[in-house]
Amino acid sequence: MNNNLKEEIIRTSGVNVLKCMRCGKCSGTCPSYGEMEYHPHQFVYMVEKGEIDKLMDSPSIYKCLSCFACVERCPRGVEPAKIVEAVRLAATRRQGGNHLTAEEIPCIVDDDTPGQLLVSAFRKYKK
Amino acid sequence: MSMNEFKPKIVAFCCNWCSYAGADLAGTNRLNYPADVKIIRVPCSCRVNPLFILRAFQRGADGVILCGCHPGDCHYTTGNYYARRRMTLLFSMLDYLGIEKERTRVEWVSAAEGAKFATVMNDFVKTVTELGENKRLEDLRCKK
Amino acid sequence: MTFSYYPGCTLKTKAKELDGYARRSAEALGITLDELADWQCCGGVYTTAKDEIATKLSSVRALMSAKKEGNALVTLCSACHNVIKQTKHELDTNDDMNLRASNYMGCNAREAADTEVIHYLEMLRDVVGFDKIKEKVVNPLTGRKIAAYYGCLLLRPGKTMQFDNPENPKIIEDFIRAIGATPVIYPMRNECCGGYITVKDAEAAKKNSTAVHESAAGFGADCIITACPLCRYNLIKAESPIPVIYFTELLAEALGVK
Amino acid sequence: MQKIGVFVCHCGTNIAGTVDVKAVAEALGKEPGVVFSAEYPYMCSEAGQNLIKNAIKDYGLTGIVVCSCSPRMHEATFRKTAAAAGLNSYMVEIANIREQCSWIHKDIKVATEKAIVLGRTAIAKVALNTPLTASSSPVVKRALVIGGGIAGIQTALDIADAGYEVDIVEKEPTIGGKMAQIDKTFPTLDCAACILTPKMVDCAQNEKIHIYSYSEVESVKGFVGNFTVSIKKKARYVDETKCTGCGLCTEKCPMKKTPNLFNLGLDNRSAIYIPFAQAIPKVATIDADYCNMLKNGKCGVCSKVCAAGAIDYKQKDQIIEEKYGAIVVATGFNPIKLDGYDEFAYNESPDVVTSLELERLMNAAGPNGGTLLRPSDKTHPKTIVFVQCVGSRDTTDCGKPYCSKICCMYTAKHAMLIRDKYPDTEVYVFYIDVRTPGKNFDEFYRRAVEEYGVHYIKGMVGKVMPQPDGKLLVRAADLIMNEQVMINADMVVLAAAIEPDKTARPLATMLTASMDTNDFFTEAHPKLRPVESPTAGIFLSGVCQGPKDIPETVAQASAAAAKVIGLLAKDKLLSNPCVAHSDENLCNGCSSCERVCPYGAISYVDKEFRMPDRTTKIRRVASVNAAVCQGCGACTVACPSGAMDLSGFSNKQIMAEVDAICR
């Protein structure tokens, strides 16, 4: 239980995790579900429980596509994607927390790679 | 008197059918609002004579709020419409006399809106507290 | 009609055709697109965190210069549209964001939110009108079965984007009808292509994109259209059996300005 | 000089916990006019009331103030107490130091101070109270039931059984409501029609019951015991008194492509129709939107084939005015529109249906004659997925924040019936919680799982994706397995939330009955007066008050009937004596009061007045009809000369209250 981190996540995400009624619709709709160790509904619950460290150390935070399907379909207006974003930011803001470096780019880029892809990836994975 | 200690005197007129019941519901749900608000029960918001409000300010009230049923939901069909019209006139006259518009208010609170009642009262008390003491209409002869 | 126009970085490089066809079509439809002089990259994705201000400033600047021009701002790339529209919404609703953005910019940032942001498709629907487009079509794409691919950025979050029904949109379908083709409705049209994850996990992105083009092809589409360069890239990388092109290309073709 | 007694209640610790009741009693004892002051743990108890009675007698009290809970709770109690001790019951005032003091404040000092102010305000008021006597008005011995579903039917039957006349107003061409559309009922699985239609027939045959079908309430005037209601009989273009219900016209009508609303549009009917075989009244109705004769003046087939000559294309809406002593609201519910839930593909695929549509699809009188077939291709579905809570417990704009209460049980019923009739069909139910409180309810749900092998999965469906082969791919969460599941289904059934019927809101305005934010009617007390509206003479029956199943609806319907019977059994009602009265010496006859009175209670009379010089003069003055006046007080403020005043809430009394608060 890490209360400081919990408060930080709640503040930066602007999400009220207590509104969650545990229906699991976010996880029922998540396109990245299969890639994740912790799933959207667990993100919400684990933030409520203060288990932020586990989330920050999990690769799940890099699997969210920010597609907002969970936000759109949540019947309680919880916005799980914003939680994932806040946890990921907390992780990448740590020293050495970057998930993507400029050195990796040449191996990724091909002739058609849109600039948009690299810009967004850096914004998501690097601080 | 410093601002911190200032406790406004606030008179709330509540109609028996909606707003008084809404105030009761706020109590039943244990929703806090400042003790500065004292409620007078009237059968309908249209029972509130402008004279009552003038009297309150004369006797040193710092704010007066009138609560009735939502438009269209008046127990007596049209009473709240009368009240709304009368208060619009009265409040603009009071404003002219130097009683700030923020010291007077009309709100619609239904019997089911306990939470709204508490929110409205908290907000009103905050507004009036920020305005400070009302001296404009106070009749000093009424003071002991 | 004149609009300020925000092309975005990719439209200047890998997605020149998205931009070029859009400009030519607009001209044919009597719309002037006035490119903002000093636009900067939107950042590609909107950061939802409340304490991220700097990443949103380029959008604030774009909104501000459109306001100075006195025009509504037209966007074309789904990502730019999403970022700028969400930034506008944040300025409109979040005092803290306003204050901090104003401090960065040295002006009242809220004013930027006065600028109306419309996507090129919304411009076609609401300003030009699909009926009008139908009249201007010289080369109707009769018989073509086209799948509209919305992806996520245009539609969500629905309350902020106000673009269309996020679960059952019809704007691109109406567009397809206007240019004489037949729209193909398929359930994956508003699901994510995999987005930026392709950088770190190409397989995962491929899984998503494959589901999209399989669904479209399964319902008999002979082509997929999109407004997003990244969606197009991902779908093509996932070996879509049917072509994936920008919607502006079809528009230009139908208007005879390709 | 008044002699006032003050009684401070502890209400256990409800008041005494945050208010120093001893200090309050002591402080109020010093107020002018107060000759007795006491506190007691429960003032409403018999001992507490005796304390009041004795004090009234011992001290010769002329007025009492009870500092206790809300007057809405116990004002009537203490008025009776006073009357029992020989004090006029309107010489009682309540200071609300519970709901409006002890329950909202935490600080004892603050709450005590406020309680004292509230107490002295009541004292200031009671000092100016005058004894009032209630007048009485007669009761019209007839009741109106609005809505002819199972709730309205049961209420009407019970009222009629007690010997009173009762009218049912039903907006559809037949009574029966939603229950008539349901196939089987839980938890016993008996057929809905088999238990409902006999009751419908009872209604039709009961001499005391009159059914206004295809009718709506236009306006309501009056008050408890004496309502005047205008009922609009919509033109059905068929003379009800002549039509025999033979159905020949419906067979011969050429407009066969009219959506069958009774089957929720799942099949078609003719433009002239009888909703279903057991309809009451069994009379044909013409759907004016589809009838060629009414639209274009061409056709007239039904008129030609009708041996009874009942068809009347020129029929007009008709307004009927009736008087009633009591009104029961039984307007019922509808499933919500699912336009906000396109992730479930309801608008996209005909094989995604609501639970009510499934009832029709499974019903022997439904579109498939009782065989469950997919609407799209009429094949037998092998895999069916049920989605619970579609729009219920949903705080977004398109949903309802409440639990619709009936869905868990009817879904278990559907699942069980399908598994029973088609054992080769796999049934999945996605649930958030299974809520089955009720007699034999949980056992019923468990039977679905344990005996019928229904797959219950805890989790919500995220998306339903129609596939090119006509299947429906369902993506959902299984929260217990912690995995995302994909099910290739043939049909998806959505348990849509229920909401009050759209006619309820305008009706509530007409009745001046209050509603909550979800448009359910508010009851007079959530626990103790569940079938009465706060507006006297208006009673609530069925789902219009909140979601409920059939057994609960019937229980509430009978309870409402009992309340109505209790009212109609009285010959006279004591009316509220807190009514307006005019000081004739001050009245200048300007008519301001007459114009604002919503009840027409004020009239003008010419009256002879003796002038100071011993001459007489005839002046026009206002006169209030106390039986009609409801005591709103609008006239008191409108009166420019201050002649009009309201008993019980007089200008002086309210001024005194203002003074006491501001002191």
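Observations on the structure shown:
For reference, chains read A, B, C and D in written order, and residue numbers begin at 1 within each chain.
Here is the rule we go by: contacts are C-beta pairs under 8 Å (C-beta built on N, C-alpha and C of every residue); 3 or more make two chains touch, one makes a residue touch a chain.
Predicted model, so just to flag it, every value in this text is computed and none were measured.
Between A-D and B-D, more C-beta contact pairs are found at B-D. Of all chains, the one whose CA centroid is most distant from that of chain B is C. For this pair, chain A with chain B, the centres built from the Cα atoms lie 48 Å apart.
Between chain B and chain D, the centres computed from C-alpha atoms are 30 Å apart. Multi-chain contact residues of chain A, defined as those touching 2 or more other chains: 34, 69, 72.
Not a single residue in chain B touches at least two other chains.
The residues of chain C that reach two or more other chains are 167, 191, listed in rising order. Of all possible chain pairs, the ones that touch are A-C, A-D, B-D, C-D.
Those residues of chain D lying in contact with chain A across their complex are 343, 389, 393-396, 399, 430, 432, 458-463, 475-477, 479, 482, 484. Residue ranges of chain A in contact with chain D, taken from their complex: 19, 21-30, 33-34, 39, 41-42, 69, 72-77. Within the complex formed with chain D, the chain C residues making contact are 165, 167-168, 185, 187-188, 191, 215, 218-220. The residues of chain B lying in touch with chain D in their complex are 9, 11, 17-18, 20-21, 23-28, 30-33, 35, 38-44, 46-52, 55-56, 59-61, 69, 72-79, 82, 86, 110-113, 118.
Contacts from chain A toward chain C in the complex involve residues 11-14, 31-32, 34-35, 62-63, 65-69, 71-72, 79, 81-82, 85-86, 89, 99-100, 104, 108, 112-121, 123-125.
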